[in-house]
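Everything below concerns the one structure shown next.
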Amino acid sequence: MWSEVIEGKLGKIAAFLAMMGEEVAQSTSFIKEIRKDGYLYIIGRVGSMEPQKVVAAIETAAKNQGIIDHGVYREAHALYHAIIESLHGIGRGDTSLGSIMRTVGLTFAVVRGKPYPSEEEGEWIAVALYGTIGAPIKGSEHEVLGMGINHI
Amino acid sequence: MWSEVIEGKLGKIAAFLAMMGEEVAQSTSFIKEIRKDGYLYIIGRVGSMEPQKVVAAIETAAKNQGIIDHGVYREAHALYHAIIESLHGIGRGDTSLGSIMRTVGLTFAVVRGKPYPSEEEGEWIAVALYGTIGAPIKGSEHEVLGMGINHI
Amino acid sequence: MWSEVIEGKLGKIAAFLAMMGEEVAQSTSFIKEIRKDGYLYIIGRVGSMEPQKVVAAIETAAKNQGIIDHGVYREAHALYHAIIESLHGIGRGDTSLGSIMRTVGLTFAVVRGKPYPSEEEGEWIAVALYGTIGAPIKGSEHEVLGMGINHI
Amino acid sequence: MWSEVIEGKLGKIAAFLAMMGEEVAQSTSFIKEIRKDGYLYIIGRVGSMEPQKVVAAIETAAKNQGIIDHGVYREAHALYHAIIESLHGIGRGDTSLGSIMRTVGLTFAVVRGKPYPSEEEGEWIAVALYGTIGAPIKGSEHEVLGMGINHI
Amino acid sequence: MWSEVIEGKLGKIAAFLAMMGEEVAQSTSFIKEIRKDGYLYIIGRVGSMEPQKVVAAIETAAKNQGIIDHGVYREAHALYHAIIESLHGIGRGDTSLGSIMRTVGLTFAVVRGKPYPSEEEGEWIAVALYGTIGAPIKGSEHEVLGMGINHI
Amino acid sequence: MWSEVIEGKLGKIAAFLAMMGEEVAQSTSFIKEIRKDGYLYIIGRVGSMEPQKVVAAIETAAKNQGIIDHGVYREAHALYHAIIESLHGIGRGDTSLGSIMRTVGLTFAVVRGKPYPSEEEGEWIAVALYGTIGAPIKGSEHEVLGMGINHI
């Protein structure tokens, strides 16, 4: 079923992973499916929605888990812009006011692979963020979702 | 499985529907699951990414299929802002430059329901958009995703 | 005279209150007029223009003085978005650079009421901000004004 | 009373004029008060909210009625930026999406004068916009307000 | 002298070319200097400042003159984002209001090369825009400048 | 040669100065050329890219070195808006996310003069910023450029 849903789309894979979280994704055949297709991925969580902390958390995870090459700036540059794009979906026009947003449980997913049949198109990277935003009172929050994609 | 994935979250339901599309959603038990929980939903497609056409297509579908009450402005106002929020995810900071974005196949989903246990929180509405964006050449495009949510 | 000026408009009432301030508003028949029409209102001041402090000051005042119901998230959500809208008028496209703005004496007003004749449209909330912005030198500043409105 | 309310503030004068409209402003002593203080002003209406039409309507009115000197670019430049600032209040972060906003009855006011006691500060210009925005259905709309200010 | 000024910086080269224009750049040793260093470049002009026309003019010139490979989407994607970044410098926060900007004589330059010593960093692309903006009256205009840079 | 390149344009002068830096500009005849034409200028450096620090550094330098009159608010106001415009070129749509940008060596230039033949147009001020932005690792960075201009 999953292959029919994802259709080899990098962004969908990242969004599904962020919304399912590691545990649920593992419990279905989703992870197996994307591994079979040769995609690299990471899933993580960050408890803040300050842009700089989200960026740092994703960059660190991506470097430590080998999604991007630590020593190559163009890879970090590609990832950075994909993260920024995903933050625009989270901020919904108010990214500038990010410091007044309070979140509980933001899950991120980064996926790297070759989404195009032509070899020349090379590798691309997708970042997805999913979480809840709101007042620091349990239940007083709603969902946010963002996704960005870039060539490496 | 689906109930475990969606956890009764309005935004996730909308995002899953937009990414799966009507046909795939019907072919799994996803639709059955969300109907059982009393959510109203619509799925549609719009072939343009000019903001005004996306807004009009969603508003028209939502009114015609009874997701919002045609004669109550507050419902239209709630839907409008949820659409605008979802467009920020699509535009990724460049919504202002929308006229130079060219897309093929944007799918939208609107979901209405009561995501909070307390009756006082009432109904909320979520809008998700998923599609591809790029040059008007087959294959020269990548994915975009946006989601917005509002109380009615 | 005031009824002719305001025409039952929520946003105008909030803007007039923010620009007049509590004392002047009390000294005219303005307050009496809007009370007669059943509007709830608060007026307050906040000495900073950091978005998060403005938001916190207004939210706290609105909850403490009963403009919104402390325990209902949809009311806080409605107020929050009305505040954010009013901040866009203050930031004039530079909200992102908010930390370099220095203000003396920002007055806010929140008004709650039913601006539509139809009962179904229910209650709406308006937020207005008025103050001066500029270098931290007396006289080296100019005015800013913002207003936002939302259904509750 | 009015002098106590306006306190010689250019932005307040413009905002009051835009919210009262020509007729109401004339019927009170407001106009007399600001004329006495040597302020130049114009009030007008524009039936569209496309940014370029609002800008054109205000620029034309300001030139034709002598608020700015037709032949001096710095005056047009000062007015232009004050208009753009006022539009940010109207757009509330979605100016980029202006083409999907539909309004009925936007009133503008432009005021020119010397708001500072020091002669060296010279003349400044303020622009205010007030109107309703919404679906093209009578009653399905709410208020918007914006104000910008600049030195000439 | 030029090598000392440019220091092998892609963005500087693009900005200098856009500000000098083809003719002046040819008349100095600037062009010779950057050709010697193996940079590819194009210079062109576009008479409009509507974002979509600027993008189209640069993309067309870049493809026709072989700065990017016509058949590889990742190259078009890299160029596109560099153009968008350069437009933010031109719009100065008001890109959303682009349709009210009127320009005379926008010159663009695109430069492709390897600005990093490490071979792994590969090729990057820089776009610069320089021109005048203002009312459609000769002399009633001022300068604008923008630059964007991306890995290919 | 320089007079042919700059054509008496305030923005070009500022951009050239920021990109050349004090030392290189002094070593060529560039400085001599612009002094001959009666332009006032300053060049400085700021090691941060937090907007408020950039603004403060430029304002302080401009006041201390007499580019603007310390006691006249309209001059500070003109400079402030020119700085903000130049920051939009640096932020490229992500100024809101400024806190996650890390830079090494931002050079600024401020130029004051009369770029228009007509005496009535008076003095204008241009601000340019040029530097590198990126991860805090030597070599992992790329260039940024911004320019703003305003009447005084």
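By letter and in written order, the chains are A, B, C, D, E and F; residue numbering begins at 1 in each of them.
Definition applied: a residue touches a chain if its C-beta (ideal position, glycine included) is under 8 Å from a C-beta of that chain, and two chains touch if they have at least 3 such contacts.
Given the structure is predicted, the values throughout are model-derived calculations rather than measurements.
Taking the mean Cα position of each chain as its centre, E sits at the greatest distance from chain C.
When the C-beta pairs in contact are tallied for E-F and for D-F, the bigger tally goes to E-F. Measuring from the averaged C-alpha position of chain A to that of chain F gives a distance of 37 Å. With centres taken as mean Cα positions, chain F sits 44 Å from chain B. Shown for chain B are the residues that touch two or more other chains, namely 73, 77, 84, 91, 93-97, 116, 118, 124, 139, 142. Per the touch definition, chain E reaches chain F in the complex via residues 1, 4-5, 9-12, 15-16, 19-20, 24, 27-28, 84-85, 88-89, 91-93, 95, 115-118, 124, 126, 128, 130, 139, 142-149. Contacts from chain F toward chain D in the complex involve residues 69, 71-74, 77-78, 81, 116, 118, 120-122, 124, 150-151.
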